[in-house]
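Dumping the structure here so I can ask a few things about it.
Per-chain numbering from 1; labels A, B and C assigned in written order.
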Amino acid sequence: LDGEGIPEWVFAMVWWPVSFMGYMLRLIGRFSKLAFLFSVSAATYYWLYGAIVPPSLSESHPINFLYPLDSKQRKGGVPTNATVDFAFYRQLMVRSGTRGMDWSSSMSPGSSLDIGITLVLPESPANVGVGPFMVKVVVFDKQGNVVGEGSRSMILRHKSSLLQTMSTVFYSIPLVLGFTSEHQAIRGTVVQLISFPKGGLQRATVSISDSRLQVYSASIDISFVLTGFRYYLYHWFVTSMVIGTIVISNLYVSLISWMSRKLF
Amino acid sequence: LDGEGIPEWVFAMVWWPVSFMGYMLRLIGRFSKLAFLFSVSAATYYWLYGAIVPPSLSESHPINFLYPLDSKQRKGGVPTNATVDFAFYRQLMVRSGTRGMDWSSSMSPGSSLDIGITLVLPESPANVGVGPFMVKVVVFDKQGNVVGEGSRSMILRHKSSLLQTMSTVFYSIPLVLGFTSEHQAIRGTVVQLISFPKGGLQRATVSISDSRLQVYSASIDISFVLTGFRYYLYHWFVTSMVIGTIVISNLYVSLISWMSRKLF
Amino acid sequence: LDGEGIPEWVFAMVWWPVSFMGYMLRLIGRFSKLAFLFSVSAATYYWLYGAIVPPSLSESHPINFLYPLDSKQRKGGVPTNATVDFAFYRQLMVRSGTRGMDWSSSMSPGSSLDIGITLVLPESPANVGVGPFMVKVVVFDKQGNVVGEGSRSMILRHKSSLLQTMSTVFYSIPLVLGFTSEHQAIRGTVVQLISFPKGGLQRATVSISDSRLQVYSASIDISFVLTGFRYYLYHWFVTSMVIGTIVISNLYVSLISWMSRKLF
C-alpha cells in the first residue's frame, strides 16, 4: 500500500542508505566492545605520536642580506652578511598561531637538524657575471656557542641566450602581467646533522662571498632529521599505526585483566 | 467574493509577503523579550569591539627623499634621507575625516607594529645600474627615544630586454596615453614587531643607501599586529561575536536578577 | 460639445500640462507660507555659505626661473631660483575680473594652505641626465616672515626608447603641426598645511637644485585646505544645505514669534 504506483527500484534506491545504516549499526553493536577498545587504543597511539614526532619537520625563516652602504665597496665584491634571530621568528610564529618546530623538551637532545639556504636570484647580467659564490652558515645556541658551521658553493643555472629567449616567450603572459619574473630559486643544504642543542637554536649568521650578487629574497630552512624510532613512526605511518594500535590494545587488555584479577 | 475573477495563485502570490511579514511579526512578538535581550547584548558587544580593536589595521604615509643638492655628491652615491612626522600626518588625517590607527589609550602599550616601505621606481638604466640598495628605518616615540630600527635590502625586479620590449608593446596604449609609466612598485617590511609606545609613534627617518636611485614616490606603511585577545576578536569575528553576545546576555540576566533580588 | 470631432485622448494629452500646472499651483498656494519661509531660509544659507567658504579653492601663478648668466656655472649644476609676488598676481586677477582666493578677513587665520609646484619639462637628454632634483619653496607673509618652507624631490618620468618612439609616432600629427611638443608636466605638493597668515601670502621663492634642468614653464599652485565646519559645508553640500536651511527657518520662526509677542 505504501509503494502504490512507485516502481520497486525507486523504493529500493530511496531505502538503500537507511538499510545500509541499519546494517552498520548492527555490525557496530555486535563488535562494539572490540571497536571501543580499538578506538581508545588508536586515540592513545595518536596522543603518543603527537608527543614523539614534532608537529612540523621543517621551518623556514626569511633572511635579509645587509649590503655594504658604500657603492664602491659593493662593486668590489666584499661579502654580504645576514643574521637570523630564531627566537624572534619563533615569537612571530606563536603570535600568528602557526605551529613550527617544538623546541621544548619533547624533542630530546641528540636529535639532529639540517640547515639549508634558499636564494631567489634574478637572471640578471650582474648575477651571471658573479659566477659561483660561497654561502657560509654559522649556527649558535642559547649560550652563544657555535653549534654548527658549514659552507657550500652555489651558482645560478646557466641559460643560453636561445633558451632564455624561449623561456621568456613561453612564460610571456604571466611575465608581462607581472605574476612572475625572470628569476631562479637556488636551494642547498649548507650544514648537515647538527645535534639539536638544549633550548633550541638561537641565532644564525649567513654570508654570501660576493656582494655583487643581486638577491630578491632568501630564506634559511631548518629541517628536523628523524632518526631511529621517530623515523619509522613518521615514514612508515600506516604500518606503525596499525602495529602500535594493536600493541596498545593488547596492553590495555592485559592491564584490565590484571586489574580485575587483582580487585575481584 | 474577494478573489472573484482573479485566479487563486495570483492572490496567493500577492498575499505571500504579507502573510510572511505577519508570521515574522508574530514570531518576534513571541520571542520579543529574548530578542530585546540579544539586541542589547549585541550592541554592547559591538561597543566593546570598537573600543578594543583599532578602527584600521594599517596606515600609509607618503615620504619624500631629500637628495643632496650638489649633483657631484648625488652621482657619488651618498645616502638619501627622508623624515616622516607621524604627528603631522595624523593631524592631516583628522582634518580630512579619515580614520587611521587610534593612537589613544584604547590601543594598550604592549601591542606591536610592523613598519614597511613602498618605493615606486622607474625602470631606468640608472636604477638598474644601482643594483641592490639598503633601506634603513628608525622610529622614534614622543620622547625622542628610538623605538625600533631595522634595515633591509631592496632591488628593482630584473627584466630582460626581450621582456621589457614585450611589456612596453603589451601596455603600449595606456603607456602612450600617459595613464601609466614604466615603473615598478617595490614593497618590503623593514622593522617587525615594534612594541607600541605610549602616545604612539612620533617620527621616523628613512634612508636609502644610494642617492643615484631614482624614486617616483615612496610611502611608509605601518600595520598593527593584533595579538592575543584582539587577534581572536578580529580574525574569528563571527565566532567571537556569537560567544561574546551570549556571554554578555548572561551577564545582563545575572545582573538584572541580582538587582531585582536586592531591590524587592 | 467641447471635444466635438476631436478624439478624447488628444484632448486629454493637450490638456495634461495645463491640469498639472494647475495642480502644482494649488499645491503651492496651499503651502505658500511654508514655501516662502524655506526660500528665504535657503537664500540666507546661500549668503552665509558664500561668506564662509572661499569662492575658489585653488590658485595657480606662473613662475620664472632665473638661470645663472654664466654658462660654465650653468653647466656646473648650481641651483636656479624664482620669486613669485602674490600681491602682484592678485592685482592682475582683480584687473582681469577673475576671482581667486579671498585673502580678506572672511578666511579666518588658522585655516591652512597647501603649496605645490607644476613643472613643464622637455623630454630632452639633458633633463634625463639630471635625474632626480630638489625643489624648495619658501613662503613669506606681508611682514616678510617665513610662513612655510619645504622641499621635495621631483624627477622626469622615465620612458624607454621604444616607448618614446611609439609616443612620437602616435602623436606625430599634432607634434609635426606644432600643437604640442615632447614634454611632461610634473606636479607635486611641496609645503603642506601652512597656517593661513593674516593678510594672506605675500611672496614665495622657489629654487631647483640643478640649473642644468630645462624648464618650459612652471607654476606655483596654492590650494586651500578646508577644515572643520568648512569641510562639512563643502564636501557634504546637500546634507549641510538641508540641515542649514531647516535650522535657519526655525530661527526665523522663533524670531518672528518672539517679535510678535514683544510688539503686540
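Definition applied: a contact is a pair of C-beta atoms (placed from the backbone, for glycine too) under 8 Å apart; a residue touches a chain by one contact, two chains touch by 3 or more.
All values reported here derive from a predicted model rather than from experimental measurement.
Interchain contacts link the chains end to end along an open line, per the touch definition above. Remark: rotation between subunit B and subunit C after Cα superposition is 30° (nearest 5).
Comparing each chain's Cα centroid with the centroid of every protein Cα atom identifies chain B as the most central.
Mean C-alpha positions place subunit B and subunit C at a centre distance of 31 Å.
Centroids built from CA atoms put subunit C at 59 Å from subunit A. Against subunit A, in their complex, subunit B makes its touches with residues 77, 79, 112, 130-134, 151-153, 155, 157-160, 162-163, 166-167, 170-171, 192-193, 209-210, 212, 225, 227, 231. Within the complex, the subunit A residues that touch subunit B are 64-67, 69-72, 74, 88, 91-92, 95, 97, 122-124, 126, 164-165, 168-169, 172, 175-176, 181-183, 212, 214-216.
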